[in-house]
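Next come the structures, one after another.
Each of the next two complexes has chain A plus one other chain: chain B in the first, chain C in the second.
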Partner chain A sequence: MIRVLFFGMLAGKTGCREFSLDMKKPQAPLKEVMEALHARFSGLPRAPYMTAINEEQAEASSVVKDGDEVAIMPPFSGG
Partner chain B sequence: MAEAKDRPVRIQTDDFSVEEEVLRLREGSLRVGAVVTFLGTARDFSEGRSIRAIEFEQYSGMALREMTRLKEDALKRFAIIDVRIVHRVSRIAPGGQIVLIAVSAEHRKAAFEACLWCIDTLKKTVPLWKKETTEEGESWVVPHP
Partner chain C sequence: MDFTEEQIERYSRHIILPEVGGKGQAKLLRSSVFVLGAGGLGSPALLYLASAGVGTIGVADGDLVDLSNLQRQIIHNSTRVGTPKSLSAKKTIEDLNPDVKVVAYNERLDAANIRGVLRDYDIVLDGSDNFPTRFLMNDAAFFEKKTLVSGSMFRFEGQVAVFKPRDGYPCYRCLYPEPPPKGLVPSCQEAGVLGALAGVIGVLQAVEAIKEILGIGETLAGYLMLFDSLRMSFRKVRVRKDPQCALCGENSSIKELVTYEEACELRAAK
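Right after this comes the complex of A and B.
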């Protein structure tokens, strides 16, 4: 299982802050994880958002393993 | 055990004292010849709307790690002595303090440049999100490029 976290306005658009996703394989590129999330959450916008795996910024080609934490984050607005 | 406010980089709900943070930098080294601070505060007006309060959401582990990385990068990049970064995440009323970047250096130019670089980089790399409360309700802030 992959632990998926939605932050900021994305939690509102998906209706949840945390979701467990079963990719049914030990690892997958982040791009595949995102496609599975888009299929599950029609309100999840295609862009703009940033992604992280286990608290490190990640790209579409980054590998997500079973047990990882994936964060889907809107553009940052701190400060 | 050291108090939380002894940590030079932190995210907290409580308010902070600019004076105390500057004092820590000055006490840290007698080579300090300049301290530059950036203090971000909450406005009561944004994009034509009156703001009642703002609050922040954070991705807690990553946000603190990115802020710590920001300090380490600034120390490598500029001829400075030390940096302190404090960001609040609680509900903040207009006029309240949000974020402090304080930089000490031997000379002012490096301190000014590092301070500007730190706040500009914080906005791009630290996972924090601002929500504004207005008379119409709450809305997330979309950052400007």
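Right after this comes the complex of A and C.
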């Protein structure tokens, strides 16, 4: 299982702050994980996101392994 | 630098700290910090920078104090409603600490004037409330080679980062290359915010600015800090310089300031 964290407005769009995603394989590129999340959450807007795997900034090609934590962090504008 | 007796007393709790001492306090008094926005983040940041004896503080804001600001913008007060925020902030700081020289910019900074303003300061803080200004500030800080302490908020959550692209650390665009598509992130008055959250995030910005001036500890350069006040959780995500960054990357395409359109209809309508 992959532990997915939604920050900011994404928690509202998906209806959850944390989600356990089963990729049904030991590892997958982050791009595939994002596709699985879009398939699961129709309210997750399609946009470029800042993402992290295990608290390190990641990109679409980064590899996510079973047991990893993926954070999706939109920017905030409020000041 | 010779302190007056009053200064020795005023800053005694700093001077007694080995990491600060008389030397550090003198550094603070010689330093200059610019704060963009005398709002939710700017208010607490400005108050602590002023208390710390930062010698010159610039504050820019083109708005007037509104009653709805006072839930979080603690540098203002009820008698200042309807008056310019930059001048209200200046007055509060001058009453708090006469050692501080305050320069108030009663205007919304834009591509034509922001670089000239930042040039005069050692460190710059972003407490703005919209993406066009956040990108403008990041780009201007990069071109002027200034360390940028960034803070932002959404409802009960906040982000803090220190951007120093010239030292191998990322800039704001390495994290967020472009403003998000319209409608994704509620702007300005469209989203509420917990007033006290502004205190947490703005004070963290002041802490980072003071550490940068003193050269002590480890700042958030290379990290994005996320705070969730409902869960009382802090998280630090390691972030890195993007070699393809359009601003600070090797083959950068942004050579001058870019003006983005405001995506917030409410502000435009106001």
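FYI, the second predicted complex is superposed on the first by the 74 of 79 C-alpha atoms of A that agree within 3 Å, B and C clash if a C-alpha of one lies under 4 Å from a C-alpha of the other, contacts with A are read in each partner's own complex, and residues count from 1 in each chain.
Note that in this section a contact is a pair of C-beta atoms (placed from the backbone, for glycine too) under 8 Å apart; a residue touches a chain by one contact, two chains touch by 3 or more.
Values in this document were obtained by computation on a predicted structure and should not be read as measured data.
In the superposition on chain A, contact of A:Ala47 is made with chain C only, not with chain B.
By the touch criterion defined above, A:Glu55 lies against chain B and chain C together after alignment on the C-alpha atoms of chain A.
Of the two partner chains placed by the overlay, chain B and chain C both lie in contact with A:Phe7. When the two complexes are overlaid on their common chain A, residue A:Pro75 makes contact with chain B and with chain C alike. Looking at the shared chain after the overlay, A:Pro26 reaches neither chain B nor chain C. Judged by the document's definition of touching, chain A residues 7-9, 50, 52, 55-56, 71, 73-79 lie at the interface with chain B and also at the interface with chain C.
The touching residues of chain C, counted against chain A in their complex, run 37, 39-42, 126-131, 134, 151-155, 157-159, 175-178, 180-181, 183-188, 191, 193, 224, 226, 228, 235-240.
By the touch criterion stated above, chain B contacts chain A in their complex at residues 40, 56-59, 61-63, 65, 87, 98-99, 119, 122-131, 140-143.
Every residue of chain A that touches chain B in the complex is listed here, in rising order: 5, 7-9, 12, 50, 52, 55-56, 71, 73-79.
Chain A meets chain C in the complex at residues 7-9, 45, 47-48, 50, 52, 55-57, 71, 73-79.
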